[in-house]
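Chain naming follows the written order as A, B and C, and within any one chain the residues start at number 1.
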């Protein structure tokens, strides 16, 4: 199995796919997952997932609801730890380090691996305080001026600053759904993570707000490694470089996005992307 | 690493606060047990539990607790005669008949009834209910079991009503619809389907009500009198276990004396009675919850 | 026939309910008519006296406020800490379950038993004497189960997404609870606290048991001061044979009920704000 190739373990076992001459495949591996199983109590929710996610690209996870794509995403920053009765087997390496070995500081991990949720979840505080929160708890601003600068910078990065600059100290709950979601992205960016996990970030938004989020993702991949879960295949096709297709807790196929949508190797993938199942 | 140790310390500290409640229970049992033990070294258990005279403050003291127990049970029984049927009927009305608007008004009013301090109920029993009853029963004494019993029933009624209503509302709607579909009236549905289905929940409420009545203090201390008396006559003064504890606490009985220890011995008996009732009530409620979840 | 029975039953059930409400009406009427004549500025500002017409409620009102403020100061941190442990940390462990059952049972222990506990532990073993502090400690233990139960309910209303949002930013568990969960639950917690204190302020038996004095002609001046409270003063007046003292008792009840009403209004106001905040 070549390190420079997105590899796939499909239903039938290990299927390594030769790489093509795109910039995508030459990017270094950021997240390397090997034969990972995930359990809710006795129920196995993920089955032998192996995948290599590359730095500074957008990787999309697609698949029908309940296929495990969100569970897998949440296991990349150990967000599932807070659900009682869950268990992980196999290895998940980030920059070569196993995040599930004992002694790993989960809090530090989550600072490096940021997350944006399906439903925007601003804290019931001011816009400013929402962004400043992560900086404060991680002691990332040495002065008031630095705090202000980093909040503004994050809001600009999330392309929301111009809309809220006059009301930074008003409640975040007064923002529209799309603005709230971009605020949550700003909040995640403020602590400068290396990886940004996005769990269906646009599923609750109207088309215009969705478009703004997608443009934002395109800009952000220069700086961040982005993993996005979506049930919207057009969205996956528009924003991502690589796409992974999940089905019933297994990773069926993982490849460059254009190939997944034009020439998938698996019949199941083809059926799904052409709308014949799922 | 530093934050991790801090997190650990915080979790331990929070645990200690939670464990304080267990310490409270332990403290209650310990305090009562120590003094009761001292008491029983001087008064034989048999005399305490089966004696029919309670005169600990007399020159020739007698320590038979039965008059106090009987007084407690008589007042509680009167309270239950008022609270149980009225509470259950109110609950049936609120759960099965009342329109939403009525329920929205009545429930807070019942909460007010439950929130009135017991000393106020004591005043009400002595100053309003007793004179009223004396017009009907001229032979009735100014201090008696009937008046505080009735008022205690009114006080406990909201508890019975709200817990029973909760239990009835937890009965699945499908059961009611099944009965209606067979042509049952609302009364038939309520009495033959809903109440039996909610039976263990309602029983739990009833038992909790008994426990409240047994432990209630101020109403009886004000309106029932202070004369330990083994009687079933609701018209004459008597004394309950709680009223006795109040009576001794009001005087200056020096600590360490036998008289002083009597209140702990009586308290121990009271604690065991209510604790047993509470355990049965909790157990029944758990069982009810298991059936409908 | 079937329908006649149904209508009759409905009437009886409704009648019972109305009877209970009528009892409340009679109680209010009895107390207002008995006490309103005595309620004046002199009554509110005077201390206890052997002559009913000179007696006032000031010392008992001051005692009640002292005791209840201290009770709140003790019960709030302890109750919230216990609730946070059970709701956020304890999970489904056996110890947590044991503590839960224990709290449920404590909530149903008669208040006079807490008085005996306070007498044995605070007054004697810990040497607090018959002081405001001993009274507050006793009432705090009495109020704790309710504070814990209502705080847990308030914590449960904080959506999980807020917790996840905080964790995803690298917050520790305690940071998440302290900065996000507790501030959101605060109005609910305070509502529960005030309601439990409004129950504690009407408590008489446990304070009589720990030896709060029934006749005391001065207001407390500190946590170590001897004291009396409104319900005990009312009890004292009710127990006197003279009619004039009974009138004082009714007036005292009016003061106590006004205090309760005030506390409940604050609680309703907080609950209302809490719900509005939850909706946006």
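Brief remarks on what is shown
To be clear about the criterion, a residue touches a chain if its C-beta (ideal position, glycine included) is under 8 Å from a C-beta of that chain, and two chains touch if they have at least 3 such contacts.
Keep in mind that what you see is a predicted model, and the values were worked out from it rather than measured.
A simple rule picks the central chain: find each chain's mean C-alpha point, then take the one closest to the mean of all protein C-alpha atoms, which gives C.
Chain centre most remote from that of subunit A: B (centre = mean of CA atoms). Taking each chain's centre as the average of its CA atoms, subunit A and subunit B sit 57 Å apart.
Per-chain Cα centroids separate subunit A from subunit C by 49 Å. Subunit B and subunit C have Cα centroids separated by 18 Å. Annotation for subunit A: residues touching 2 or more other chains are 107. Contact with two or more other chains is made by residues 172 of subunit C.
The multi-chain contact residues of subunit B, meaning those touching 2 or more other chains, are 3. Those residues of subunit B that touch subunit C in the complex are listed here as 3, 6-7, 10-11, 13-15, 17-22, 24-25, 27-28, 31-32, 34-35, 85-86, 89-90, 92-94, 97, 106, 109-110, 112-113, 115-124, 126-128, 154, 157-158, 161, 185-188, 190-191, 208, 211-212, 214-218, 221-222, 242, 245-246, 249-250, 255, 263-264, 267, 270-271, 274-275, 278-279, 281-282.
Interface residues of subunit A, counted against subunit C in their complex, comprise 77, 79, 82, 84, 107-108, 110-112, 114-115, 117, 119, 121-124, 133-134, 137-138, 171, 173-174, 184, 187-188, 191.
Residue ranges on subunit C touching subunit B, taken from their complex, read 2-3, 5-6, 9-10, 12-14, 16-17, 19-21, 23-24, 26-27, 30-31, 34, 77-78, 81-82, 84-86, 89-90, 96, 98-99, 101-106, 108-117, 119-121, 124, 141, 144-145, 148, 172-174, 198-199, 201-205, 208-209, 211, 214, 231, 234-235, 238-239, 246, 249-250, 253, 256-257, 260, 264. Residues 91-92, 159, 161-172, 175, 179-180, 183-184, 277, 280 of subunit C are the ones that touch subunit A when the two sit in their complex.
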